[in-house]
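Scrolling down, you'll hit the structures one after another.
Both complexes below contain chain A, partnered by chain B and then by chain C.
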Partner chain A sequence: MRPSILSRPPSTLRAVDVLSPRSLEAALLLKAERPDAVPIQGGTDVMVELNFDRGRPPTLLNLNEVEELRGWSRENGTVWLGAGLTYTEAMEPPLSELLPALAEASRTVGGPQIRNRGTIGGNLGTASPAGDAIPPLLVGDAQVKLVSLRGERVVPLHEFIVGPKRNAMSDDELIAGVHVKPVSGRETFMKIGPRNAMVISVVSLALRVDGDVHAAFGSAGPVPTLVRASTDDVHTLPERVADAASPIDDVRGTAEYRRHALRVLTKRALERCLA
Partner chain B sequence: MNIELRVNGEPRELEVWEGESLLFALRERLGLPGSKNACEQGECGSCSVMLDGKLVCSCLVLAAQAQGHDVVTVEGLAEDGNLHRVQEAFAETGAVQCGFCTPGFVVATADLLARNADPSEDELREALSGNLCRCTGYAKIFDAVRLAASR
Partner chain C sequence: MSAPAREVVLGRIGEVSRRSDAVPKVTGEFAYSSDLHAAGMLWGHTVRSPQAHARIVGIDTSRALTMPGVHAVLTHDDVPGEKLYGLEFRDQPVLAIDRVRYFGEPVALVAAEHPEQARRAAEQVRVEYELLEPIVDPERATEQAPLHPDRPTMGRGYRDDERPNVVRSLVIRHGDPDARGDVSVSGVYDVGIQDQAFLGPESGLAVPDGEGGVDVYVATQWLHVDRDQGAPCLGVAPGQVRIRLAGVGGAFGGREDLSMQIHGSMLALHTNRPVKIVYSREESFVGHIHRHPARILSEHRATREGRLVCVRVRVLLDGGAYASSSTAVTSNAASFACGPYKVDNALVESLCVYTNNPPCGAMRGFGAVQSCFAHEAQMDKLAAALDIDPVELRLLNALESGDVMPTGQVIAGKLPVAEVIRRCAALTPPEPEELPRDPLRLPGGSGNTTRGEGVRRGVGFAVGFKNIGYSEGFDDYTAARVRLHRTADGELSAEVHCAAAEVGQGVANVILQTARTELETEDVVLAAATTSAVGSAGSASASRMTWMAAGAVQLACRDALAEHRRTGSDVDLERTYRHPRTTPLDPETGQVTGERAHVAYACAAMRVVAEVDVELGLTRVVWIGTVQDVGRAVNPSAVEGQIEGGTAQGLGLALMEEIQTRDGLITNASFTDYLIPTTLDMPPVASELVEDAEPDAPYGVKGVGEPPTVVSTAAVVSALRAATGRELARVPVRPDDIVGL
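Take a look at the complex of A and B:
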């Protein structure tokens, strides 16, 4: 067993500041003053780094008390998801009826304990190629709203994620939430993994048929990626999705298997959404 | 830093290191070792507690995030010296092998039955999918859940 740094009394450990603002304005003020502060919401990513002593951020910005980041609403034909929306909340009607693929994806994240804490904003901030909320948000044309003391800006999700675990945020910015188009046709989400729970995707796929066809995949390239098609050429979509992927061999699967699985998932998702 | 929170109905005040988990604070600073420390990454569910009425892995909650909040651990399930019906059912069916995962399963089961008094087989499995038993004693664990639900 690795020796725990926590066996020492609190006063002898190198300080980590925890800031717990109670409003978005206060959070932005703190983030501007302390650009190195790491935002923490559900803790499902940040706490693992701390528990294993892989990183010791000088400052943690606890966003749990910021009311403005919670919940969701309908706004001018789009759905607003606050950055603090949990996966459990995304699974509940009526939101699950407006964004069914996001609800399906949320249900595959971790177990109930993780879904009660993990948030959409955290999934975006972490920007993992395997982030399960990201493909459903991509097919819903998600627009990420970033806020800072300087003001706010809106970044399309496909431009927000710039590399594996890298996003387009500046040091003084926080994610306020995302605007997503609710589905008017049909959509679904599928994921390959060794069991139904507690699984990091081997590959994942979201598909929306809504006039045009939008497919987005995860875990098959450096960033989750969107592929568009018209309803006339859906027969070529499975091959086009597989071609758009640039998967690697890793502990969860081979590149060859991932490409194959994407073809199969796209076919199945099309059957489900066009039936 | 000092934090104040409510644990099993009692107001508590304690000094914590800013980077430590709620699990560590509960076990090592408050002397509540019922919540178990295993994976420390939210995979095993053995540290499950209720935070403001929601089932969470206490290893993934920063102790400082619990400031001003309400925590119920496995130690807080019994009332007036009587075991919670889930605890009774686990004891009666022998749903224990090494026992390490048991507190987490008990807390997760109590949460399930509070939300859904008569879970289907699929609902039961989904609700407990965040808890691992490395002895693979799931058959008796599920027997215990069914028994507790029937009462």
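Take a look at the complex of A and C:
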């Protein structure tokens, strides 16, 4: 990555409209009217792009005052996470007991200030290969609920993320939240960083043993990826996870290390969850 | 628009003295240089080279000049005076003339009403470049076309090295460099580019005085040298440039070289408006010099009993595009290459080259950090080869007062190497914590990567030393001015002027404590540091400022008090303090040409306990114990702070801090990708002080800022080696190195 300030293409000074709807219905109306509006909650991704002038959207759709997006609930055996759920909220019981891997992932996000602002919906919207919440949601079979004036649809998370920082949303849609299966067995999340706190992951892994075994990794390919196994063939899982990865060399780590670390993490996660 | 107020705090020499900037810094109220404001001010922005090496074919400013809010767009044509400047050698253009030599080199300046307007206009300055092949491999630099054909560092008393791109080469021959021992160990050690990573980016405000001069409020380390570099380029007399210290958000050597001083002044004089420049974080990473990356080849020969017979070292330093303080770093790396040990025979070759990599210069530890990493790795290797306890091996060879350095300099002052080793080895690390435990207390920290699997514990040890003060014949001095009067109620009241830069190290308290001690009054104020009220203080660098400021203030206070007692009237006098004179090294033999090349030395020993996840290559440093030779602690709590901060900076180099480049371009210019230790990476430090007064120094003080940084990188890696059994010959240590990929 070349420093943007020294090499980015010239941009023009342009005002950004900030729209602040007070309800989901109002938000959807605005999004239909202004399909180029970029939704913003905590701003921990969007504002970085804006401040570094990597992107200057014509319009920001501020969703912080949309009550319907907040909080979480239990619904018919699943857990509903509103798009506005913060990492701090995901770390608190009883939610952290229903989705322990998500709680562990949330603990690895930035510092307390970032965790207070950053949201699950934002992490999905950004769809980064390094999104910390994504592997735990993948192993929880998360179903993303997208809403628009046209109605609503549900997309499995592994289909929602279609490429690095690309998702399956249409221009008029917003993320309402996700349905996730609470863990009945065990699950864990692990993340390697270049230091012991406040890092973007070099590689991460979520693993759930819940009848079958579900493993999902981040930062080791263009998209966070789910690998399934039956409890009979777990011994091959570390190698299968490493094989499923397509990591690259970058400033945070080497491809070889990422693959190696995935084997170690998968082995350790299995020991934790099968013990 | 004023410099931060410095108020009276209690305390005399040796007493804990609370810093007036402590609370405002913690609460966020401290005024840093980036907080400056003047009515009607414009904002400056620097157009920088996106290339590491290119010829400038043309610069078109016409479009930028038409942008909204723009008042000026300046290029090298607009530099009023000298086109080149430099801390020691004038080899660096104020604005690039016909060629750029590093990524981020300043090419043009813009001033506009609003910072964003300035930035946008800067993007419209069209610079046409013709790419040149960058010199990026320091090993090959002496065979490539010269970046500075006029050889700016040659003819200055250094060894005349004919090869292209040599900044300085120094060879120290001592005794019989071919002497053989019973055993020999050797290694090749690499040090990556570390950045000072101060939190307050370069910033300042230049205010035209309406008479052709300018007042510059800036975060810097040496006010007078900024003035003396700036005035010739601005085409004005030195007195017309008044440098005033603004709030400094960390320095660590990175503010020795100029940043916005001349640029801001040019824009201010051109527009006749105050001009403020604040670098962004990204710009800060490319806009200042870094610690020299190094490759060090070492061979240690010893007797079977472990006594060093001969040490042979080759040091290669990458100086980047401009000289900065590289010649002195080259010398330091050579001076300390053999470590704080008695070595009768040595051959040390130290070479610094120009390349198109990021320019390097002063950073805390200044050449000694790189050398310490190598010599301590060698001592551990030798201990292993001889099956001798590493601490015993170091004690056996410990340098002491009266011994001779490889440069032939007899250590005249105090250097209690054996004592710091003994006391440090006696510090007791905590017992290993039991499992299971909070993952925050395991390698990998918040990442929850282990519950104990793969974790090995290692204990490391290292000793380091460094010079205090400027060396090799530099005429180094500090001025202090004292105004004394009796108040109406008969009490003595004093105002002290000293241009010593308070960069966070606590020199303001040193000055106040000195004055209170000498004058025996609490009523002392320290005036704002400026070039217009007092002579030069020299640089807040080289662990010299405490010694030098205390010396100057002591001298001025004593003379002022004597004069006041003699005349009974108010006194206003200025005195200049000099430390014992040094002389250059012989350019051919590297031997001292007088009594000393370095003023004095300080040493530190450090013991480190680390836990390493050997399967994932992750580390948790558990505990650090250190004993440091400080001469005399002026302000014990500030000394403790320097030890902790300096240790953290060395730990950063050991584990994570590295400027990464590709073809000379920096690829991680942000705090997202250039990481410094968090509180989860940095353990508690148990520190003890050896207070053995330095004979030539005021109150026996030595500087304390650098020895912890010198020794901690080596000590941390020593612990990692003990835990992993791997050689780990490169810092920062990468997970791949630990795992063995």
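We adopt the following convention: the second predicted complex is superposed on the first by the 262 of 275 C-alpha atoms of A that agree within 3 Å, B and C clash if a C-alpha of one lies under 4 Å from a C-alpha of the other, contacts with A are read in each partner's own complex, and residues count from 1 in each chain.
In this text, contacts are C-beta pairs under 8 Å (C-beta built on N, C-alpha and C of every residue); 3 or more make two chains touch, one makes a residue touch a chain.
What you see is a predicted model; the values in this text were computed from it and never measured.
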Inset, instruction - Using the superposition on chain A described above, determine whether A:Gly43 touches chain B (first), chain C (second), both, or neither. - result: first
Inset, instruction - Classify the contacts of A:Val264 with the two partner chains as first (chain B alone), second (chain C alone), both, or neither. - result: second
Inset, instruction - Using the touch definition from the top, say if A:Gln113 reaches chain B (first), chain C (second), both or neither. - result: first
Inset, instruction - Please work out whether A:Arg56 is in contact with chain B alone, chain C alone, both, or neither, and reply first, second, both or neither. - result: first
Inset, instruction - Answer with first, second, both or neither: which of chain B and chain C does A:Glu104 touch in the superposed model? - result: second
Inset, instruction - Using the superposition on chain A described above, determine whether A:Lys191 touches chain B (first), chain C (second), both, or neither. - result: second
Legend entry - Chain touching more of chain A, residue-wise (chain B, chain C): C
Inset, instruction - Please work out whether A:Glu256 is in contact with chain B alone, chain C alone, both, or neither, and reply first, second, both or neither. - result: second
Inset, instruction - Once the structures are superposed on A, label A:Leu274 by its partner contacts, choosing first (chain B), second (chain C), both or neither. - result: neither
Inset, instruction - For A:Ile200, select first, second, both or neither according to whether it touches chain B, chain C, the two together, or no partner. - result: second
Inset, instruction - Report, in rising order, the residues of chain A that make contact with chain B in one complex and with chain C in the other. - result: 6, 10-11, 13, 52, 196-198
Legend entry - Sites on chain A touched by chain B in the complex: 6, 10-11, 13, 15-18, 20, 40, 42-44, 46-48, 50-52, 56, 60, 62, 64, 88, 110-114, 116-117, 196-198
Legend entry - Complex contact set, residues of chain B against chain A: 1, 15-21, 24, 28, 40-43, 45, 48, 54-57, 59-62, 64-65, 67, 108, 111, 126-127, 129-132
Legend entry - chain A-touching residues of chain C, taken from the complex the two chains share: 48-50, 68, 103-104, 116-117, 120, 123-124, 280, 282-283, 285-286, 440, 443-451, 453-454, 615-618, 620, 655-656, 660, 665-669, 672-673, 675, 677-681, 734-736, 739, 741
Inset, instruction - Note which residues of chain A are touching chain C in the complex, please. - result: 1-8, 10-13, 52, 104, 107-108, 188-202, 204, 251-254, 256-257, 260-261, 264-265, 268, 271-272
